[in-house]
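Following are the structures in question.
Both complexes shown next keep chain A, but they swap its partner, so chain B is in the first and chain C is in the second.
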Partner chain A sequence: MSAFIRSREFLLTIIVATSFFIYFPYFVTSPEPLPSIESWLVTTTVVIVSFAVLVSLYTMTRREALRVTKRGKGWPYGLIMIGLTWFMIIVGVISGSSADAFRFCTDAFILPGDATIYAILVFYLTSAGARAFKLKNLESLVLMIGAVTVLLKQAPLGEYLFPYIGPVGSWMVNNVGMAATRVFAISATLGGIVLAVRLLTGKEMAMVGLLSRRKKD
Partner chain B sequence: MSSIFKICATIDRRVWYALIFLLVGYGLLRPVGFPLIVGPEVKQAYAVIESLKPGDVVLINYDISAFGWDEIKGSALSMVPHIFSKEGVKVILFTDQDQGYIYLETTLKQIGSPMKGYDKFPWYEVQGKKYLEDYINIGFIPGFDKAIAALASDFRGVVGRTDWYGNNIEAWLDANGIKSASDINMIVTLDCAGAQGSWVNYWYLPYKTRIVNAMIGVSAPASINSYNVGMLEGIVVSVRGAAEYQYLSKYYGTALISMDAFSMLQFMLIIAMIIGNVGYYFWERKQEKVS
Partner chain C sequence: MIAMFAITLYYMRKVKLPFVRRVPALDAIEEGIGRAAEMGRPVIASPGIAITGIDYWTVGALSILTHVATLCARSDLRLLVPLGGSEQSYTLVEISRDIVENQYRLEGNPERYNVDDMPFLSGRQFAWASAYVGMLMRYKPAVNVMVGLQWGSAIYIAGVSHEAGSFTISGSDYLANVACLAVASDYVMIGEEMVAAGAYLSKDPVQIASIRTQDIIKAVMAVLLLLGILTLTMGSDIVKVIINT
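Up next is the complex of A and B:
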């Protein structure tokens, strides 16, 4: 039974069937029970995601515990990570997510740390402005003109002192920037479609963990 | 003279860090009040929310985590009270981030006050709207895009019978005629992780639900893309957009105050680029040629 569930054919059948029930009613107006099955499958993913949190907790604890016991590189951080994770879980389960103790831990440790890491970017950005934006060739000149124009447009004072910069900056964002963004978006979407086709034709079984298991076997 | 160019080329990065610290600190503590021009995107976002009619149902999504709160809070603290101020409009609060409920409650705490006879969440009154009468909080649903898709597919099934705090909300949903996603008139999504793409895919495309989006700077290109093709009705980009919205809606706050520091910082970035290039051309490049 276990071998059957792990077999390529069984997993592929599930992938094809699930894809059919989700894709078909999305693109084509379908009679019942297809929309209901689609709705049930989509709703089920939310439940699966909730369980996936438990899986990630298990794998994180296992990985860090191994690192600590083997005294791997940076093992003290692993110890802190396990300690804080389980401390938050225990406090949260015992007192509830709205309790003062849980909120204190969140407000005192998680939020300032998270926000600080993001805010540090501004320091790096300015230092990089002085070091990286060097006019070495035509391409770097174009990059710099674009950067300065958008910076002046974004700064309220820049837009006020140089009124013509606003429309120029907006044009750059809405045309030049958009062209690049759309290329990226369309490329990513095409990549997603190719991946889906490869998955449906059984050429991308690594996604369901089959390839790594086979290598291990 | 060459020693000046050498200094320009080799300024210690800690000097830049100290200058940023001083400029931002000064700008925040002593705002000068530089003029602010409101852009067409923010005017449009404001007009869309202003157009809400009694009986409309708005779902506000908190796609907010700690890292982005300081950037998005200006939008949250001006757009949310603006929505709550619209008479007869019903509001559903939701978050697709595990930390989102913290910011959701922080917002309500700052713009509202506990209802008479209550002292804690969810019993808060905001702009005259009372909990379980005019608004509800369905809280966090895990899965991010999967949660947004599931809400579109089976709204009542995913929301369930109770709110984030365990109160029964079935009567409230029935009374406001909310049976499925098509009964929601507008989505306002405050994004730190770019949730607008999922709202567009699963709500705008099948139901043509109106979407207004405020986001942090890194999510802006994708949002501007969706806005330019008409899938988002209004966008509020980063702190600058939030400041413009605060100015328009008259819910003044930190975003508006921080605009002076923002201007100073942007100009400092440009000055840093100029100094770096002066040093590069008149000293560093010569050194490269010599070696």
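Up next is the complex of A and C:
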């Protein structure tokens, strides 16, 4: 039974059938029961996600509890995480997410944490930029010229010191940058469509973990 | 769309191996895992935060995770997979664990698989990123493969990965992030390279043919774009009219 459930044919049938019931009523006005099956599949997805939340919570608690009991590296952080997670769950379940204690935890721990990490990004970006703008070859020279031009355009003193930087920088953003954005969007969309064709024809089975099995077959 | 399906299916039925340009970031995965085997250090790979659910970027990332897991199982390496990052990522956790466990079993090395190496870290992006960089600093992996949906936290992770001495291979769905990752990583996947990974890495002629189709359609679109620019500059909107009809 297990071998049948994990077989390529069974998984492919599920993929094709699910895609049909989701996409067909979306593009074509369909008679019953197709719209009902579509909405049932969407509801099922929500139910699966809800159970996945419980599984994730269980594995997270188990992992941190093991770390604390074995006194693994950084175990006090695990203790804090378990304590805060379960405190928020209990408060949320009993009093709802608008309760004072729940909001206190959000305002005192979660939001400052998020803001701190967000602020750190600027320093990492600057450091990465400094490493990348080293002159090594022709490509790095082009990258450096482009980056310095756009940086000077954005800086308050840039246009004052170099009057031509503004128009040149704007041209680079509106033409070169925009062209790159369009190329990225078009190629990504094409890639997505071709991936969908591969999935629907059973060629792309890596996402269900069948890459090696197919090769061995 | 129908024409594209037809061309793709036609090419996929052809058995001869078509020419496909190299994708250095995908080729570098094998090199990075070889490096991990030589150094005796683990490998870390993330399929992203799946903030929009299991979309095509995440499917592409799962193909890459499958490839990384296969190579790690073959080389008897420890694979760390930090999971989570969004409220939509819970299903990705179970899918990723199943994929990695399968690869270790298929390569005859099931005892190397450890579910605790694939922890669910958090449902919030920055909390997940902090725990991810914690793993980078603690375990000092030889290679860090971060693909799928990688948003604002990607540059932070790539920066710490550099500090931890990891060989960084990255990819993102988000163009501004690709620019950031290009300066912070050793190799970066751009545009459709990540979604084409499954086909490219399989070396299967049928799948590679689908990449070839994609390249042909891109070339046709490039010609149409150039024609459109030229005709519009000369005051004619013929290309626009043809596309709209």
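Everything that follows uses one rule, which is that the second predicted complex is superposed on the first by the 109 of 217 C-alpha atoms of A that agree within 3 Å, B and C clash if a C-alpha of one lies under 4 Å from a C-alpha of the other, contacts with A are read in each partner's own complex, and residues count from 1 in each chain.
Definition applied: a residue touches a chain if its C-beta (ideal position, glycine included) is under 8 Å from a C-beta of that chain, and two chains touch if they have at least 3 such contacts.
The shown structure was predicted, so the numbers you read here are calculated from the model rather than taken from an experiment.
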item: Which superposed partner A:56 touches (first chain B, second chain C, both, neither); value: second
item: First, second, both or neither for A:110, with chain B first and chain C second; value: both
item: Partner chain in contact with A:186 - chain B first, chain C second, else both or neither; value: second
item: First (chain B), second (chain C), both or neither touched by A:131; value: both
item: First, second, both or neither for A:7, with chain B first and chain C second; value: neither
item: Partner chain(s) touched by A:69 [first = chain B, second = chain C, both, neither]; value: neither
item: Partner chain in contact with A:194 - chain B first, chain C second, else both or neither; value: second
item: First, second, both or neither for A:203, with chain B first and chain C second; value: second
item: Chain B and chain C contact sites that coincide on chain A, given as residue numbers; value: 49, 53, 110, 113-114, 117-118, 125, 127, 129, 131, 133, 181, 185
item: Complex contacts: residues of chain B adjacent to chain A; value: 11, 13, 16-17, 19-20, 24, 34-37, 39, 65-70, 99, 101-102, 121, 141-143, 146-147, 149-150, 153-154, 157-158, 165, 221-222, 224-225, 228, 240, 243, 259-260, 262-270, 272-273, 275-277, 280-281
item: Residues of chain A touching chain B in the complex; value: 38-40, 42-43, 45-46, 49-50, 53, 97-98, 103, 106-107, 110-115, 117-119, 122-123, 125-127, 129-131, 133-135, 144, 147-148, 151-152, 154-160, 166, 170, 173-174, 177-178, 181-182, 185
item: Complex contact set, residues of chain A against chain C; value: 48-49, 52-53, 55-56, 59-60, 63, 66, 73-74, 110, 113-114, 117-118, 120-121, 124-125, 127-129, 131-133, 180-181, 183-188, 190-199, 201, 203-204, 206-213, 215-216
item: Contact footprint of chain A on chain C as seen in their complex; value: 1, 4-5, 8-9, 12, 56, 59-60, 62-63, 66-67, 70, 84, 88, 90-91, 93-95, 98-99, 102-103, 106-107, 115-116, 119-121, 123-127, 129-130, 134, 138, 152-153, 155-156, 158-160, 162, 173, 175, 178, 180, 182-184, 190-196, 198-199, 202, 204, 206-207, 210-211, 213-214, 217-218, 221
